[in-house]
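Dropping the structures in below, format is structure tokens.
Here come two complexes built around chain A, the first alongside chain B, the second alongside chain C.
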Partner chain A sequence: MNPHAKLITTASLILGTTITITSNHWAMAWTGLEINTIAIIPMISKSHHPRAIEATIKYFLVQAAASASILFSSLINAWSTGQWDITQLTNPTSCLLLTAAIAMKLGLVPFHFWFPEVLQGSSLTTALLLSTAMKFPPITILLLTSNSLNPPLLTLMAVASAALGGWTGLNQTQLRKILAFSSISHLGWMTIIIIYAPKLTLLTFLLYTLLTSAIFLSLNTSHTTKLSTLMTSWTKTPMLNATLMLILLSLAGLPPFIGFLPKWLIIQELTKQEMTSTALTLALLSLLSLFFYLRLAYSSSITLPPNSTNQTKHWYTNKNANPLIAILTSLSILLLPLSPLILPTI
Partner chain B sequence: MDATLLLNTSTLLTLTIILTPILLPLITKTPPNSPPTITRYVKTAFIISLIPMTLFMYLGTESIISNWEWKFIMNFKIPLSFKIDQYSSMFLPIALFVTWSILQFALWYMASEPYITKFFSYLLIFLITMLLLTTANNMFLLFIGWEGVGIMSFLLIGWWHARAEANTAALQAVLYNRIGDIGLILSVAWLASTMNTWEIQQAFLPSQTPTLPLLGLILAATGKSAQFGLHPWLPAAMEGPTPVSALLHSSTMVVAGIFLLIRTHPMLATNPTALTLCLCLGALSTLFAATCALTQNDIKKIIAFSTSSQLGLMMVTIGLNLPQLAFFHISTHAFFKAMLFLCSGSIIHNLNGEQDIRKMGSLQKTLPTTTSCLTIGNLALMGTPFLAGFYSKDLIIENLNTSYLNSWALLLTLLATSFTATYSLRLTILVQTGHTRLPPITPINENNPLITNPITRLALGSILAGFLITSFILPSKTPPMTMPPITKFAAILVTLLGIILALELSNMTHTFTHPQQNTPFNFSSSLGYFNPLTHRISSSNLLNTGQKIATHLIDLSWYKKIGPEGLADLQRIMSETSTPMHSGLIKTYLSTFALSILIILIFH
Partner chain C sequence: MTYFMLFLGLCFVLGGLAVASNPSPYYGVVGLVLASVVGCGWLLSLGISFVALVLFMVYLGGMLVVFVYSVALAADPFPETWGDWRVLGYGVGLVGVLVAGVVVSGVGEYMKLGVWTVDSGGAVFVRLDFSGVAMFYSWGVGMFLVAGWGLLLTLFVVLELVRGLSCGAIRAV
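Right after this comes the complex of A and B.
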């Protein structure tokens, strides 16, 4: 991409995010969201491939509709209460509409249909941005308005997200789609707890960002986008392949890794709020996503592929490994013992 | 001399003598046993065992010997104790006498057998376990003896193990006996848990004994003594050599079930249900076996069914609450039945393996001793006055006639008595009289003392045993003294009826040219259709149930459909349902979004 274009796009992204995060007025929040939408469009359509273009259009349409809904909800609230404060959202219709709009922005069920295709159409780094950075402003808005949201609707959407994310992800072989469904599933976990303990939502989101970044960057190094390519990635980057398995297991929420921490705390909080059956359902449904993570780990590290490789190790002289991978991988595997430090700070 | 001391010593000496050929080679390096040696051991044991019997007859001495105690559980005594009372002190000499005769006969019968010493050792081990069973004072020892005779029966029936029918017969014997063992274990367990003892003397309640353990005992007797329901193994057991049939399946092993009921009879006496069950079961068994014997053509099978019928009669006696009489019948029956088997063995070997009575005839002239003793045995079996069988059988029928019990059982027993006469006479006519139907060159020679001595000895016993036992042993219950003449002569009358019928029928076989098939004949010759029905149905049911439970229920259902595979299937279905929702059409997506928002807003 043209360096100028890249600079403008990146700067716009940062600007948009910052505006939304630091806003008090609904108009500023909406502005930031719109800037983000427009800024990411060139990044998605970078490769000028028909699929990328289609992804761009889908993304734009959905995000525009969502932003418009946010604006409508703030308008309804302003009409009935006369103020535009983000934290003072009191009109019930407004709350409902906002919940739906944020769900559409994030990709919660039943507003999740766009997410896998958009992710599939973009490159791995753009997909990373879409999964992590683009979700940050909506999550912030969610956090700010957490006491105005509609609990039953949120719970329903969260459990449905975990369920559909798990079930649909079982049938995928493209890695970006798998990670899209994993994102939907994790969003389910994030939204279930926002009413009771918003800090846990933030924690989940941050850890999710950490893990997803690690995965996307590792996949980017070996240019793997589908399961069959993943099976031969051990020849290209054996060490990264091994750590990829561990990061996947961490994302699944297995105990020695950091991915366990949010799940554990969310279940604890839900149980304290007498929502044990919800906690149980959520935990059981995340078994589904565990299955496809395990499938990825299995095909990348645990078995050797059925297709033959020409030689045992491919020599890649231009391994453009992002230095960030080292930090992110280490954190995602080893951070759990530091959880007492993490908890008071968020 | 203290009578008890003499009694104990001689009994233990008897038991030790017959144990010696088995145990001595294990301890010292003696030359291996030979069959004549074993025969001599048993003869010695018989002579020694006469001492306790004489002591009991003249002085009424009875005792219990307890030696060692198996300290297994602290408050439950399982001693090694022998009971020497009327039953065991009388059974010991009779069993040893019969065994001695049979072993002597087997010296000739199995002379060409390469493993004859092993055969004799098996018979000896059988005898040891049988005597253990009869002298046992507690159920533990009785059970050891019980299982021992069962195992030895299996080994001996399948002696010619290269023959497929012998193997199946042995297995059949073991299976049917095992079903009976369930009953025995049930009652033994009930005894241990309720009475806290395994000694039969301690097991008597003044009030009515619960029916469950008695049902167990009756089941055990049904299995071991081939009552109706668990009877097919006895005719099939004729696959074994004739000495085995003579010893096990006529005199000793098959009476073990009846002996058990005799030993535990005070428990039975208080429970009318159990007594009625014994009565009816015994009546049914005796009639059924007698019916089947009418049309058999194998000489050994006829005698086997005759044994089965007499066992039914013994069960009837138990049902009449007359254990002493049942034991009396056991004793007299041992003599003539063993003799019948030995005669048939002599006939079979002399006719070079021919067992079909339709191919024998006119043996009275060629095998005089054997056939005379065959006649004596048949007469004793029929209950001819003043032979051995008369004393026990007639007394049983008199008691049956004069008791206020089930008249259906009475009718069946009388019918069976007449059938006994019929088939015995049929046997005699076809084997001994008429023109010979043998192949021309059949070298027949019974001049060996090993044949004639045992048979004549047992013939003497068949004649005198009844008289001797009634003279010396006092009955414990008052026998019926007075009855109308027709009742008194009932047994003889039905026997005569049976004889006349047999003579008439055999006359008809000479004059009829075209024998027709008829239903009663088919019923009798196919043994009441019992074997194909039960064997096929029960095994196929069991296997089907096994498949349903093991394969269908557990493997397929629990482990697969309801368990992991079913779960995986559910997830697959959900996955298949949810994947086509992502059709890629943005209009669909946007309409879904709009619809969802609409529904959310409406619901509020």
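Right after this comes the complex of A and C.
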């Protein structure tokens, strides 16, 4: 992309995110969200491929509709209460509309259809941005308005997200779509607990960002986008595939890794709130996503492909591996022993 | 006078409906003209003349004209419009959604709230719309800069999207 355009879009993404996160007036929150939406459009359509353009259009339409709904919800609240404070949203219609609008922004279940297609149409680094950085402002708004959201709708959307994220991800072979469905099911875990313990939502989101960044950057190094390419990518970067397996198991929520911490704390909090059946349902539904994470781990490290590879390891050494991968991978795998430091602050 | 206001409101919604239900943007923009003219009328009824004037000149006289010129470059010779049964279905569906929304959200009960006209304000001796714009340049300068940057960003993004003439998937004339 043109360096000037890249500078403008990157700077605007940072500006938009900062504006939304630091806002306490609804107009500023909305402005930041709109700036983010507009600024990421050239990045999604960077390759000018018809699929990328289609992904751009879908992203823009859904996000614009969601931003408009957020604006309408704040307007209805301002009309009935006379103030625009983000934390003081009290009108019931506003709360309902805001819950639905944030769900549309994030990709929670009835409004998740755009997410896999948008991720599939963008490059791996843009998909990383869409899954992590672009979710940060809506999650912040969710945290700020956590006692103004509509609990039955939120619980329904969260459980449905965990279910559909797992089930529809089962038949996928394209890695970006699989990671989209993993994002949807993680969002389900994040939103089930927002009303009871918002800090757990923040913890889940931050750890999800860490793990997803590690995965996307590792996949970007070997340019793998499908399951079949993943099977033969061990020849390019053998160590990276081995660590990819461990990061995937961490994302699935298996105990020796950090991905286990949010699931454990959320189940504990749900049990304290006497929602044991919800906790059980969520835990069982995350088994579905465990299946496709295991399939990815299987393809990347555990098995060899049925076709022959010409040699054991590729001869060329110009692997443009991002140095960030080393940091993110180490954190994703080894951070669980630090959980006693996190627990008192929850 | 109340019925005139109600008529203006109805025309606003119908204009929006015309924009949304028309398969061709060249005829849909007529609905946009209707909606913005009627919106101006509504603002005038509240006494907000300055903002109405700005809306008329900048929106209709600036942006809509530019839109018409740019689509005149890329118009298809026989655009489809109303007269197709499918469009009637869109229209009915959109009106139904609107009615359902008003009923479900209970916005109808807010019609009883009074409306502040632009001359009210107690100790403030200037009109609210002028002083609002002045506020935009003094206390609200941060928002002004952000809004200005947002608009400039939209321009840059559109230029970036249509860059490359016919090399990309978006055809630029």
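Basically, the second predicted complex is superposed on the first by the 341 of 346 C-alpha atoms of A that agree within 3 Å, B and C clash if a C-alpha of one lies under 4 Å from a C-alpha of the other, contacts with A are read in each partner's own complex, and residues count from 1 in each chain.
Keep in mind that, in the parts below, a residue touches a chain if its C-beta (ideal position, glycine included) is under 8 Å from a C-beta of that chain, and two chains touch if they have at least 3 such contacts.
Please read these numbers as outputs of a predicted model, since none were measured by experiment.
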{"item": "Side-by-side fit of chain B and chain C on chain A, or clash", "value": "fit"}
{"item": "Chain B versus chain C as contact partner of A:His48, first or second or both or neither", "value": "second"}
{"item": "Partner chain(s) touched by A:Ala133 [first = chain B, second = chain C, both, neither]", "value": "neither"}
{"item": "Touched partner set for A:Thr168, first chain B, second chain C, both or neither", "value": "first"}
{"item": "Which of chain B and chain C A:Ile342 touches, first, second, both or neither", "value": "neither"}
{"item": "First (chain B), second (chain C), both or neither touched by A:Ala160", "value": "neither"}
{"item": "Chain B versus chain C as contact partner of A:Leu206, first or second or both or neither", "value": "neither"}
{"item": "Which superposed partner A:Thr93 touches (first chain B, second chain C, both, neither)", "value": "both"}
{"item": "Where the C-alpha centre of chain A sits as vertex, the angle toward chain B and chain C in the overlay (nearest 10 degrees)", "value": "130"}
{"item": "Contacts of A:Leu334 with chain B and chain C, given as first, second, both or neither", "value": "neither"}
{"item": "Distance of closest approach, chain C and chain B, by C-alpha atoms in Å", "value": "5"}
{"item": "Doubly contacted residues of chain A, that is, touched by chain B and again by chain C", "value": "93, 97"}
{"item": "Residues of chain B defined as touching chain A within the complex", "value": "571-572, 574-579, 581-582, 584, 586, 588-590, 592-593, 596-597, 600-601, 604"}
{"item": "Chain C contact footprint on chain A (complex, rising order)", "value": "1-2, 5, 8-9, 12, 15, 19, 27-28, 31, 34-35, 38-39, 41-42, 45, 48-50, 52-53, 56, 76, 79-80, 93, 97"}
{"item": "Chain A residues within the chain B interface of the complex", "value": "57-58, 61-62, 65, 69, 92-93, 96-97, 99-100, 104, 110-111, 113-114, 116-117, 150, 153, 164, 167-168, 170-171, 288, 291"}
{"item": "Footprint of chain A on chain C - complex, ascending", "value": "105-107, 110, 113, 143, 146-147, 149-150, 153-154, 156-157, 160-161, 163-164, 167-170"}
